[in-house]
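Before anything else, here is the set of structures, which you'll find just below.
Both complexes shown next keep subunit A, but they swap its partner, so subunit B is in the first and subunit C is in the second.
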Partner chain A sequence: MTDALRKHGRGLLVFAVAAYALPLLLAGNRYFAFIGGIALLHVVWTAGMSLLYGYAGLMPLMFAGIAGISAYAAVGLMAAGFAFWTALPVAALFAALVGVGLGLPALRLKGFYFTLCSLVIQTVITLAFVYFVNLTNGDTGISQIAPPAWFGGPLQGVGFDLVLATLAVGAMVALVLIVEAPFGRRLVAVREDDELAEMLGIDVVRQKLAAFFVGSLFAAVGGAFYAPYVGFVSPRSFDVLLSLNIWLMVAFGGRGTIWGAVVGTVLLAPLPFLLQDYYKVKDVIYGLLIIGVIVLLPGGILGGLGSRAAAGTGTQSPGLRRKEAA
Partner chain B sequence: MTGRVPLFEAEGIVMRFGGVVALRKVSVTQFEGETLGMIGPNGSGKTTFVNVVTGHLAPQEGRVRVAGAEVTGFRPHRMAAAGITRTYQAVRVFRELTVADNIATATVDAPNRMDADEIAATLDWLQLGHRLAVPAGSLTLFEQRRLEILMRLVQRARLIMLDEPVGGLSATEVRAMLQVLGDLRRRTGLFVIEHAMKVIRELADSVVVMLAGEKLMQGTPAEILADKRVVDQYLGRAHA
Partner chain C sequence: MPTELVLISTLFTGLMLGVIFSLVAAGVTIIYGSIWMPNAANGQFFLLAALALWSAAVSWGLHPVVAALLVIGASVPASLLLEQMLIRRFYDVPNRNVSYFVLSLGITQILAGLFSVTYGVWSDQFQIPPLMAGITFLGPFPVSNSRLAALVTGVALLAALFALLRYHKYGRAIRAVFQNRDAASLRGVNVRAIYRLSFVLGNLVVAAGGVLYAFAYSFDLSVSWSMSITAFAIMIIGGPGSVVGAVAVGMVFGFTQAIVSAFASPTVATFSYLGAMLLILLMKPSGLFAR
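For the complex of A and B:
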């Protein structure tokens, strides 16, 4: 565990400094600060997607749906009188468990079939958001969601941004610890060749299930914070496009690299806001990006760098003793 | 031969794929301390038999026992935990991962794994120590086959089922591999599928001859080579 932190310590430190500096630097302009906060929130999501897609090799298109379930659950609990800080863990755990329950049939599938199945599940979740009007207010959505309480006052402005920075740093620390643990090694094995992994003693179904639960938790925690931060949720907030965007951020930055997802998030999360006035071309740009990544950059921006770096660490240490000790 | 403790017992195995019957009531027992060979023409069910014993396929009929306990239909990770493992006819390693990471992956869920010193010694023996940082996909075929064996050894597998271990190797490499396998059989139980009779003759204490999904006979290499049916059905063409 300390090994993992030592290995990625510098990266985490740089990221933490940047994450906390961002809200402070943008504090003068509430609109830009908000976009910065949204980007920090997306780091939590891409960290989860990175685990699922980058390491476990799953492309879960119901990722946004799980975030949405958590967001609606948190809003519902707050409406029922619970404090946000009570609603948060309950909603997140609930959504992650629902995610695993819904994902169960899909987890026995591989690659493309898993993705297809997850797309169907996402569609069903979105329909449920529209259909259960009593809980979700349907297409209209729920607005004026109250901010969480924070030392007697409401959490808003730079304060909320800094909480999101803490959340993003926490998510990255968690991702590093997970990926560097034996669990991370199992997931990579499952991604590379699940049949061989199974033959070598790895319980593939169980590992996928565990990865899916943990990844869903990232989705759900992000969703629960999204609701009070943006102040508005609707079925469109958590549709398949969000899943695709989060996936794109991971793929764009570099699949299977710790920092690739962050790079992808920083570059892509602000895009919808910056392109708000060009709403019509936004989807076209996203489409082109997706095609571009698949065709031109299958390893992502950091992908090439990542594999070179990995070869570099290999030469200096056989890696065996370190892993044995871990 | 020591004791006569069975490593695995397969009894009356029937494996069908739709209309194709790949195994027809095949019974094979391998004892500890003995190396078992399996020969047979293409499509006679050899790989399918290994798939059943190692948990890749669940047979329609019959049972598999390991150390006296029934394990029929267990998934491969549980067979690995029971010490029963295999290599593949087409070599199979994590091609994108380094040799070191391949080995580390083999030990991650192996409760009985070797310690670092033993792994280092085994690496030396298989002459892979200088290749640790290389992606397994860029190793030569012979090196990949050695890595496959190494990854089972670090788990301290009790039985390694090798599916055509010299397939695709050059004559020189086949000789080197024979040496490796000769040493290997002193370290762990070996089950070897081979078309190369040379390999079978040198390694196997007992040979199972398969023909069209059935076990034609079993005997020492000398016995099966003297059998007219074997010569007619199989060696007539494949003996080289």
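For the complex of A and C:
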């Protein structure tokens, strides 16, 4: 554990300083500070996606759905009279367990089939958000979500930004500790060749399941904080495009690297806000970026996998490829 | 006799939707079977064809038949261009289906964004002028001749597709590549040329589906995503790469949608497709009609 922190200590220190400085520097302009807060929130999400996609080789398109379940659960619990700090762990744990429950059968599938299955699950979750109107208020969404209480007053403004900075730093520390632990190395073994990993005595499905639970927990904690920070949730806040964008941040920054996710988040998370005037072009730009990453930058900016990633691939073993070809 | 009316109307709608679903799913499965590209953008291609038809027939005022042929014909150079620019880069990449899937999601996002700033601004609902005037009575049930013509054309196209794949030498080469690309290559099939041909043929069939849909029903931009999901569900249940499976399951889905829509909301139909797809993925990922 200490080895892991020593190895990445400098990086974590720089990130922590930057994360705490950001809200303070932007404190003069509430709009920019809000964009900074959203970026910090996205760091929590991309840390989870980095664990799942970068290290475990899974591409879960239901990531946003899990965040959404947690957000709706937190809002529902707060509406029922619970404090945010009670609702947070309950909602996050609930959403992560639902995510594992939904993902459990899918985790037996590999590569494209897992991704497709997760897309279907995401679609079902989105439809459910629209369909169960009495729980979610349907397409209209829920607005005016009260901020959490914090030492007697409401948590808002710079205070909330600093809480999000703490959350982002915590997420990165957790990611470093997980990745550098034997568990993280087993995940990489599974990602690279699951048949070989199985032969070495690694229980592949169990590793994936554990990774999926932890990754879902990142998604869920981010979702629970999203609701009171933005003050509004709707089915569109947590649709498949959010999953794709979080994936894009990881892939763009560099999959399988600790800091790639952060680089990708810093570059891409503020984009929709800076393009506000060209709001509808946002989708086109994200689409072009996705294609650009797949075609030109399979290893991402930090190029973590280097020569091993031939072209944006590697979530399946050669063994499966042989089986599929047969 | 209202029950008879409901029965015939449901049957006709089921047949019409089934033919369109079958065409689109056949196109998707041809592309997946040959180049392993799970094209999530199929719904956008479908919508693109329908919107292009609307532009040609309404904005430019071309005769509907001319416009339809133009749109379906234009899909060929468009597919070739896309193949040249993006698709062929991955032909030799291992595990390319994941790359292709993500790539097609990117294409989906680009096209959706473009549609919303162009057609989305121009109109809410799109309607093509009828192919021909008049109404035919199927028992007590009146059908516009235009919709009837779309149905007949769709059935003819499906038959032509089957004939092509079964008897023509290109169709046989495509099926050989589906079954075993190495063996096909050893027997003198130019595998890369077949990849390109399959991509063009698959998109052509999807475009034809979009054109027929536009003739049969008025539509809006939201049809693309539900078509994508439906075509994927049909492909997975029918067995990826199986055209027979795509058509059989496509017809079942068409009738399911017609029956469910008569009694409940379309959301229920979508839920049931997705549920069926999940079940198949988990129980028998190779699909019902696996080759």
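Keep this in mind: the second predicted complex is superposed on the first by the 303 of 326 C-alpha atoms of A that agree within 3 Å, B and C clash if a C-alpha of one lies under 4 Å from a C-alpha of the other, contacts with A are read in each partner's own complex, and residues count from 1 in each chain.
Rule of thumb we're sticking to: contacts are C-beta pairs under 8 Å (C-beta built on N, C-alpha and C of every residue); 3 or more make two chains touch, one makes a residue touch a chain.
A quick note: this is a predicted structure, and the numbers were derived from the prediction, not measured.
S.K.: After lining up the shared chain so the two structures overlap, which partner does A:Leu288 touch, if you call subunit B first and subunit C second: first, second, both or neither?
M.R.: Only subunit C; A:Leu288 stays clear of subunit B.
S.K.: In the superposed arrangement, which partner chain does A:Leu196 touch: subunit B (first), subunit C (second), both, or neither?
M.R.: After superposition on chain A, A:Leu196 lies in contact with subunit B alone.
S.K.: Just to be sure I read the superposition right, which of the two partners does A:Pro105 touch: subunit B = first, subunit C = second, or both, or neither?
M.R.: Only subunit C is touched by A:Pro105; subunit B is not.
S.K.: Which partner does A:Gln156 reach: the first (subunit B), the second (subunit C), both, or neither?
M.R.: After superposing on A, A:Gln156 lies clear of both subunit B and subunit C.
S.K.: With the two complexes superposed on chain A, say which partner A:Leu244 touches: subunit B (first), subunit C (second), both, or neither.
M.R.: Touch partner of A:Leu244: subunit C, not subunit B.
S.K.: Just subunit B (first), just subunit C (second), both, or neither: which does A:Thr115 touch?
M.R.: In the superposition, A:Thr115 touches subunit C alone.
S.K.: Is subunit A touched at more residues by subunit B or by subunit C?
M.R.: It is C that touches the greater number of subunit A residues.
S.K.: Quick one: is A:Val124 in contact with subunit B, with subunit C, with both, or with neither? Answer first, second, both or neither.
M.R.: second
S.K.: Looking at A:Lys280, would you say it contacts subunit B, subunit C, both, or neither? Reply first, second, both or neither.
M.R.: Once the two structures are laid over each other on A, A:Lys280 reaches subunit C alone.
S.K.: Counting contacts the way the document defines them, which residues of subunit A are shared by the two interfaces, the one with subunit B and the one with subunit C?
M.R.: Touching subunit B and subunit C on subunit A: residues 310-311, 314-315, 318, 321.
S.K.: Give every residue of subunit A touching subunit B within the complex, in rising order.
M.R.: For this pair, the touching residues of subunit A are 182, 185-186, 188-189, 192-193, 195-204, 310-311, 314-315, 318-321, 323-324.
S.K.: Spell out the residues on subunit B that touch subunit A in their complex, using ranges where they run on.
M.R.: Contact set of subunit B toward subunit A: 54, 56, 75-77, 80-81, 85-86, 92-98, 100-101, 103-110, 115-116, 119-120, 132-135, 151, 155.
S.K.: Where on subunit C is subunit A touching in the complex?
M.R.: So the residues of subunit C in touch with subunit A come to 38, 40, 86, 89-90, 93-99, 101-103, 105-114, 116-117, 180-182, 229, 232-233, 236, 267, 270-271, 274, 277-278, 281-282, 285.
S.K.: In their complex, what parts of subunit A are in touch with subunit C?
M.R.: Interface residues on subunit A, with respect to subunit C: 59, 105-106, 108-109, 111-113, 115-117, 119-121, 123-124, 127, 130-131, 241, 244, 247, 280-284, 286-291, 294-295, 310-316, 318, 321, 325.
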